[in-house]
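Across the two complexes that follow, subunit A remains constant while its partner is subunit B and subsequently subunit C.
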Partner chain A sequence: MKLTCQDIVKTYGGKNALDGVSLTLESGKIYGLIGRNGAGKTTLLSILTAQNPATAGSVTLDGAPVWENRQALDQLCFSRELNINAESGLASMKVKDYLRLASVYYPHWDRALEERLVALFDLPVKKKLQKLSKGMLSMVTIVVAMASKAPFTFLDEPVAGLDVVAREQFYQLLLEEYGQSGRTFLISTHIIEEAAGVLEEVIILHDGKVLTVADTQELVDSARYVTGLAEEVDAATAGLEVHHAARTGRSKSAAVFLKPGQDLAPGHDVTVQPMNLQKIFVALCSGEGE
Partner chain B sequence: MVRGIRFWGRYTLETLAGGLIVALALLVLSGVGAGAGSLPLILAGLPYYMAMGSALSILMVCYSTHLLYIPLVLSMGSTRREAFAGFLLFRVGAVVLPLLLSLVLWLLLPGQAAQVGLSQLPAVALPLLFAATLGSLMGLAYRRLKMLGIVLIMLLAAAVGAGTSLVFLGEVTADTFSALFSAVDAALVPSLAVWAVLAAADLLTLHFSLRRREVRL
Partner chain C sequence: MNEQLSDRTSIYLQISEMIETDILRGVLLEEEQVPSTNELARLYTINPATAGKGVNLLVDQGILYKKRGIGMFVAAGAREKILRKRRQAFVTTHIAPLLAEARSLGITRAELIGMIKEEQS
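Right, the complex of A and B next:
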């Protein structure tokens, strides 16, 4: 199965929250969707799952439009971040009622997995959603995402509010479920370096546009952080893709992305360090430096 | 289809239960207000109380459907067509079930009051129909113009409070309801015409609203 979005545009009040986004998500992969606040991550996820109509563009599952298509929607699950406030209609809903509703609407729902995860997270199912902490709300969204058994499962900030132990539990759970079922997961997260270990492909969204879609390891392998005297750095990185160059006095630093077959020019007095995914993201999206 | 029936069917039954609770509360209050000597008359009023209680319950649930149930089912993969059909199914059930109960009650109860009640069944349906439509319109109003929705809810709460007080003070009895519904009966056709216009406006607004609605929980 392939979920494809083509030239997606979403406009709010004359401003494009998404501007010509095209992506193909394949079966059996774990994707990471990373971007700054307001980059359009949640908007993209909601459009992919037909919870938000696009201003332009299309979303298809194996060629069939997803919008108002029951068969296609049955293959998707968007477990969104729950923001419960006093005005939210969900505030007075109990956890068990929310999970029961999910079990009714997701056709592949796994009751045994739901019960196992509720016990694992020690979720107070009789409590109202408004009484839960941010971490507990995240656990509820994780239970829904996992137990839905949807072939394409989208999680929006699933680890928001979770402590480090709970986050590790989530990543373990994700890998376990992925290994057993081969489902496709797309996870949007701000805690990039932690998630990098489980993400096979990363999609970087910036200002409503897709900056890059790449194999995570290949992206990390292609990145170098180069520092030294400005003229040495410039010479070493000549003709290469340079981002986030910053000058301090006579020194300069820059993030460099090497294409296959490329390398830094030899014979220059520069320090070269590898970059992790988080540093790559900052280099691509911070908009600071030269 | 089945999942929609499961979800909306459950809320139909919960709405009916809410209406019954209100009806019993009104029955008890009217008993306190009227005194034990009027027991047969009080019981004959139970279907009226049930209709009013159900109307209140339907109105509140229809109002909150726009704020909670519709975004909820859409967030879990329902199509907009299914949400529209489900909400319609809910409202049909929420109107028909209390009417059926009223019919059965009046058939079982002896006396003239029950016979009068039976003849007024179409008039009794009217508040249920209006509640189902007005509740939805109020919910739509709240989504679009929050202050308007709040004002409408406050007016409704004031009316309910006033009505309950009158029942408690014995000012409103089964005879009152009978007279009220007789008046409604006399104006049944024009009332139904007004309802039909409101219902058409509600369904059209709901259809267009759902079509482009963005799910926000």
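Right, the complex of A and C next:
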């Protein structure tokens, strides 16, 4: 199966939250969606799963539009980040009722998995959602995502509010479920480095546009952080894709992305360091590129 | 397989190096089964495709081999192969950076050789 979106535009109050997004998600991969606050991540996920209409553009599953298409929607799960406030209809709903609602909505629901995860996270099923901490609400969204057994499952900030042990537990759970089922997962997160190793492909969204879609390891392998005397750095990086160059006195630092077959010019006295995904993200999205 | 991953190089290279080190140290013996890609993925919290890339690198070098339907095994002679490979790489991985640092500190070849001779460990 393939989930494709093409030229998606979403306008809110005259401003483009998404500005021409095209993507193809293939079966059997774990994707990461990273972007700054307001980049359009949640909007994109809600449009991909037909929970929100696009202003323009199309979303198709194996060529069939997903909008109001029950057959296609049965293959998708978007487990939203739960933001409970007083006006929200969910505030007074009990955890177990929310899970029951989800079990009715998602046709492949795995009751045994739901029960196992509720026990694992020690979720208070009789409590109202408004009584839950941020971390516990995240756990509820994780239970829904996993138990939905949907071939394409989208998780929006699943680790928000979780402590470091629970976050590790989540990634273990994800890898276990992925190893057994081969389902496709797409995860958005701000805690980039913890997720980096798990993500086969990474999608970087910036100001409503797709900045990069890349094999995570290839992207990391292609990046170099070069520092030294400014003239030496310029000479070593001449003709290469440079981002986020910064000068401090005589010294200069630059994030460089090498294309296959490219390398830094040899023979210059510079320090070359690897970059992790988080540093790459900052270099690409902090808006000081050359 | 208890080392931790770092940022210093690609994850798949670190996975293949860790398996090699385990073979050198006798943690993994020849003709013994190595962890599956899914096991490696969960052990290091990495994508199974990345773990698979690291394992396949060793298959390509004849250090591991695949038994169909069972899994990956350490090949006979793997330990010898790894030793030979690491000895060959020793100049690039250890000697070259040593010389570069010596050069920028103004240490001459003769001084360096003297230092190596004096060093007891």
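Here, the second predicted complex is superposed on the first by the 287 of 290 C-alpha atoms of A that agree within 3 Å, B and C clash if a C-alpha of one lies under 4 Å from a C-alpha of the other, contacts with A are read in each partner's own complex, and residues count from 1 in each chain.
The definition used in the following text is that a contact is a pair of C-beta atoms (placed from the backbone, for glycine too) under 8 Å apart; a residue touches a chain by one contact, two chains touch by 3 or more.
It should be emphasised that the depicted structure is a prediction, and the values quoted were computed from it without experimental measurement.
In the overlay built on the shared chain, the residue A:Asp7 is in contact with neither subunit B nor subunit C. By the touch criterion defined above, A:Asn69 reaches subunit B but does not reach subunit C.
Looking at the superposition, the partner that touches the larger set of subunit A residues, subunit B or subunit C, turns out to be B.
When the shared chain is aligned, no partner comes close enough to touch A:Asp263: not subunit B, not subunit C.
When both complexes are overlaid on chain A, the residue A:Glu231 reaches neither subunit B nor subunit C. Of the two partner chains, subunit B is the only one touched by A:Tyr105; subunit C is not. When the two complexes are overlaid on their common chain A, residue A:Glu241 makes contact with neither subunit B nor subunit C.
With both structures placed on the common chain, the touch criterion links A:Phe78 to subunit B but leaves subunit C unconnected. Contacts from subunit B toward subunit A in the complex involve residues 3, 6-7, 64, 67-69, 71-82, 211-212, 214-215, 217.
Only residues 5, 7-12, 38, 41-42, 44-50, 53 of subunit C touch subunit A when the two sit together in their complex. The touching residues of subunit A, counted against subunit C in their complex, run 30, 168, 171-172, 175-176, 178-179, 197-200, 216-217, 220-221, 274, 276.
If you check the complex, the residues on subunit A that touch subunit B are 46, 49-53, 68-70, 73-74, 76-78, 80, 82-83, 88-90, 93, 101-102, 104-107.
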